[in-house]
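Each of the two complexes below includes chain A, the first together with chain B, the second together with chain C.
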Partner chain A sequence: MLSSTPWKRWLLLAIAVLLVAIYLFPLYWMYVTALKTNTETFANPPTLWPHHAELKVARVWNDMGMGSFIQNSLVIACGTVAIVVLFGTGCAYGLARVRSVWMDVALFLVLMLQVLPPSLLITPIFVAFSQLGLLSWPRTGTILATAANKLPLYIVLVRAAFTQVPRELEEAALVDGNSRIGAFLSISVPLARNGILVSAILIFLQALGEYVYSRSLITDRAYQPATVGLQFFVGPNASDWTGIMTFAAIYVTPILIIFVLLQRRIVSGLTSGALK
Partner chain B sequence: MLRFNRVFRDGGGFDSVLVLLALAYLVAFSAFPLIYNLVISFQSVDLFTIATFDRPFVGLENYRDIVNDPLFWPVVRNTILFVGLSVVFQLGIGLALALFFRLDFPGSTWLRGLFLAGWIMPGLVVGAIWGWLLAGDFGVVNWLIQSLGLTQQKIFWLSDPSISIYSVIIANIWLGVPFNMILLSVGLAAIPADVYEAAELDGATRLQRFFTITLPMMRAQLGAVISLGIIFTLQQFDLFAALTQGGPSNASNVLQYWSWELAFREYRIGHGSVVSVFMIIVVIFVATAYVRSTRHEHVV
Partner chain C sequence: MTLQIELAGIQKYYGGYHALRGIDIAIPKGQFVALVGPSGCGKSTLLRTIAGLETITSGAIRIKGEDITRQPPRLRDIAMVFQSYALYPHMTVEKNLTYSLRLKGVARAEARRKAEEIAAITGLGQLLDRYPRELSGGQRQRVAMGRAIIRNPKAFLFDEPLSNLDAALRVHMRAEVRKLHNSLGATSVYVTHDQIEAMTMADHVVVMRAGVIEQQGAPLELYDRPVNRFVAGFIGSPAMNFVDGVVTETGDGVQLALPGDPTLAFTGRRPAGEAVTVGLRPEHLNVVADTGTGNTMRLPVSLVEQTGSMTYVVTETEPMLTVAANMSRAMLTAKSLDVQIEPANVYLFDRTSGEALKSL
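Now for the complex of A and B:
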């Protein structure tokens, strides 16, 4: 936007790369530590590059019982996305289509419920779930609570996608004899599918990182997700840092890959939804 | 039945039903807990009465207990420190980066997007990584500041009671910078270029342009970003769980973590609810400001 001479542009690029490198250093350090041997991890001065790189994926996976953790994370994330998409898509559509006082009230409610911290809602949710006996199905309980937490963000994002769909196409379908639900499913949803898909993936990634609800509602180790598993190993007295960093690397690498692939779409979805 | 069918099939009832379904879900799992939390805060709840429906009401006793708790004011002070420093630095660094990445150079958008890799990471993993970076004996941060000659002694970021809160703040700033930067970038991009050109022709310096054009035109955006920053910082729980667990001896405890600890570690559920009530009032207050600032933006 602000024009500048060629050599200045390359200088700016160099500074930008440096800034990104400084910012992403923690991520780099996670991968480097995961590759180091135990002695090298605690070397002083620390080595910036592993001299005897070794891949400990299989050992950490087995020793730390990651199989069950990751599986539970996936179950919780998939369940959350299913509920969020089922309830949220229609709501987002309604909020995008109808302009009335009641819809404004509904949108205001959704925005307000978006900001409630899970760490503060968990106490009453825990009490209510134990009264209803829902704690016998801890993962279901976690899914129900997490979905309520993520639903508002999804509605806000998908609503922005539906406002881009021209109303005329839908009206044409109605004239042709479609019912409202027919027009919704065969015209509006397919036309907004990119927005819906990206928002659903974003919710999926966020749900994979959910911690508070799982930590509080799931007591049985066999049902706990990877975040709770990781927390078990960190803390003020942590010592097996190569193991912990390997655990973290295995866990976040798929998240990071999905994110980098969809980066542009997620960013534009967020910026159009969050502030409008 | 026929009338319902007509309204739902062809009329406006369809939209209402779709919106109401989602709202019903949100009311059941978000709004109801909010109210229920208020009820519990007036009750005496322990492990034995948790699953029953008739629990004794104790009036304001829980509130008195919490306000008179020797931990209450230190934890409030920590929360204010945590939110204040986090938001100021997230905003400052975020704005500086947004201004920088607006400059014209190859790959600026793509490189800017890479910052969001930090934002998408699970909070607990970020906490684990920072725990390792800041580790007392073998942490790379201590090695760096020692080799730069900034300190002679190692800093025990996580186990020194006067410092532990700052290590969580540092991790939280790292986590929040990308989001601030992206939202502020959107605001910067919305300022028309000809305003700057006109100011440049009139001889305004870069600094003058920043203070007379950029800041005033970003006012609504800054308001929204600050409110969102406060809200996300008040939601921050995972970093505490991964880094200090509020310790050592509650030196880095904040309200949202204390509330959880009271309820789930000490089983003082009524007391935990009281702390939640305080926090939720603050959150709702900030959220109203946020929603109003986004409304405002529609008009501008």
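Now for the complex of A and C:
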């Protein structure tokens, strides 16, 4: 369909494979390094495939106390998603339904927030949280900061999902005897369900990978998530690269599996509305 | 006579735009009212104000004497059929039909029984467990109707419900909607831009333009006695012909601005020399054998459109006239046509204001 001659198709395929390979190389390197021994890691020239593969999952898990890190990661990610979905859904709906200049301004401001990087915001947030005493509940503080940071993306994505729901359906529900909120919950939300689900999953994955806020707001190791826990491998004299990569692999693999399993839904959820 | 729906002095502004300008309509119980007009005339807005989907700037809406102007839609007990049908895509036909009942807290078994009853009336028999996407256009239309009927509401509102159907089905559904209205003893307000739909279905037709009611009354009253040129041109198909003319010395005839300056007599009397617009309905122009019979004129033919039962002849004049002729096929090739019209069927309108002119 794209091209008429077979060799052209093969060429395009080769280019695509090459680009994917470049893109996925770090992932590959992570898994390979995780399997190597410490000496092999520093071998020159580097080996593309481990000669003496060894699985260090159990050792790293126990030595690092990964259970606590992963639990904290999940608490922060789930808390973030809960807040984002709770506040973002209504906001996205409002932005999708009410058409006025002020709504355009609001949407623009929301998009502006998306541009601001966490590393820029962390200093004022730290000062504010410390004055509010929120640093005594560091995970709560991190959840709030991360949620605020992720909300714009969620709002923009879910707003697109709501604009796909015809207004007449809600009006029919209103005439049928429902209230505004009832129509929103029983008609609009179920119909925008895919967009909401996919956006929530994306936010969840992003919150799992969040580093700046947790690193800055959480000082107690018992409350730190896995992204921050990674730094404990880096000592003053030596870095345990295979340990770091094993740690990363343990953390990333479940996320990758989730993503691959939901891949089709995620893509269709993000592009729904692009095509009728 | 108790009024089911009463609209009094309804004004609606969208910012600076005056969408509805003093609408008064009184609808007795059991009446079928059609709101017609060109797009953008405010007919849909008016319907939505009755449903409560739009607020009004001033005026009052009363249903069974109760003022519901400020009430939200759910308290008005009115059902509406939307142009797009607005079926809930994530619910089966049964769930669509019973949505309002479930909101009222009707028991599941009772709701199911009602849904089956309605499905039988609307011919949806075996479709209760289907989803809207699995239905044809006509079936969706029936679900939309059924969803309105099941509630037994105080009034039905229809927003161009047949415009998405193909021509044959539309004619069929027209009759079906009207039959349903009669059998339910319902009160209905029906919005359409199709004047034929309005004429055939309604007891009472309201013609709107630019947020104003131009005329309202029984269908044939609008057809026979249009109050102005707009209504005259809007009601009737094909549309009425309009030609400039000047009233003759005698005051009972009008000379048309057509080739040969034909003069037509009209009933009644107008001041001599008055500049008027003359309205001639295509179906009132009778094709005759020659111009000798009185009140006739000879028109050059430009185009002949045949529909089988009727033949529409378009004349080569400025402005073009349409003649609806039931004529023999031999005459189809004629270069010119002799037409005659009854004086009673000659309509006169003020050339500037467009108001219908009455006999002095």
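Heads up, the rule we're going with is that the second predicted complex is superposed on the first by the 251 of 276 C-alpha atoms of A that agree within 3 Å, B and C clash if a C-alpha of one lies under 4 Å from a C-alpha of the other, contacts with A are read in each partner's own complex, and residues count from 1 in each chain.
By definition in this document, contacts are C-beta pairs under 8 Å (C-beta built on N, C-alpha and C of every residue); 3 or more make two chains touch, one makes a residue touch a chain.
From a predicted model like this one, the values you see are computed outputs, not experimental measurements.
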- Identify whether chain B and chain C fit side by side or clash on chain A in the overlaid structures. fit
- Message: According to the stated criteria, A:Leu157 is in contact with first (chain B), second (chain C), both, or neither; which is it?
- Response: neither
- Task: Examine A:Ser179 and indicate which partner it touches, taking first as chain B and second as chain C; both and neither are also allowed.
- Result: both
- Query: Is A:Ile218 touching the first partner chain B, the second partner chain C, both, or neither of them?
  - Reply: neither
- Touching A:Thr123 in the superposition: chain B (first), chain C (second), both, neither? first
- Examine A:Val60 and indicate which partner it touches, taking first as chain B and second as chain C; both and neither are also allowed. neither
- First, second, both or neither for A:Glu171, with chain B first and chain C second: second
- Query: Who contacts more of chain A, chain B or chain C?
  - Reply: B
- Examine A:Ile143 and indicate which partner it touches, taking first as chain B and second as chain C; both and neither are also allowed. neither
- Which superposed partner A:Pro190 touches (first chain B, second chain C, both, neither): second
- Distance in angstrom between the closest Cα atoms of chain C and chain B, superposition on A: 5
- Go through chain A and flag every residue that touches chain B in one model and chain C in the other. 174, 179
- Query: Within the complex, which stretch of chain A touches chain B?
  - Reply: 1-4, 9-10, 12-13, 15-17, 19-20, 23-24, 26-27, 29-30, 33, 41-42, 44-46, 83, 87-88, 90-91, 93-95, 97-98, 102-103, 106, 108-113, 115-128, 130-131, 144-145, 147-149, 151-152, 155, 174, 179-181, 184, 205, 208-212, 215-216, 227, 230-231, 234-236, 238, 241, 244-245, 248, 251-252, 255-256, 259-260, 263-264, 266-267, 270-271, 274-276
- chain C-touching residues of chain A, taken from the complex the two chains share: 166, 168-169, 171-179, 182, 187, 190-191
- Query: Quick one: in the complex, what on chain C touches chain A?
  - Reply: 51-53, 72-74, 76, 78-80, 82-84, 86, 88-90, 99-100, 103-104, 147, 151, 157
- Message: Please output the residues of chain B touching chain A within their complex, sorted ascending.
- Response: 8-12, 14-16, 18-19, 21-23, 25-26, 28-34, 36-37, 40, 45, 50-53, 97, 100-108, 111, 113-118, 120-133, 135, 137-138, 140, 143, 147, 158-159, 174, 177, 182-183, 185-186, 193, 221, 224, 228, 231, 234-235, 237-238, 241-245, 247-248, 256-257, 259-260, 263-264, 269, 272-273, 276, 279-280, 283-284, 286-288, 290-291, 294, 297-298
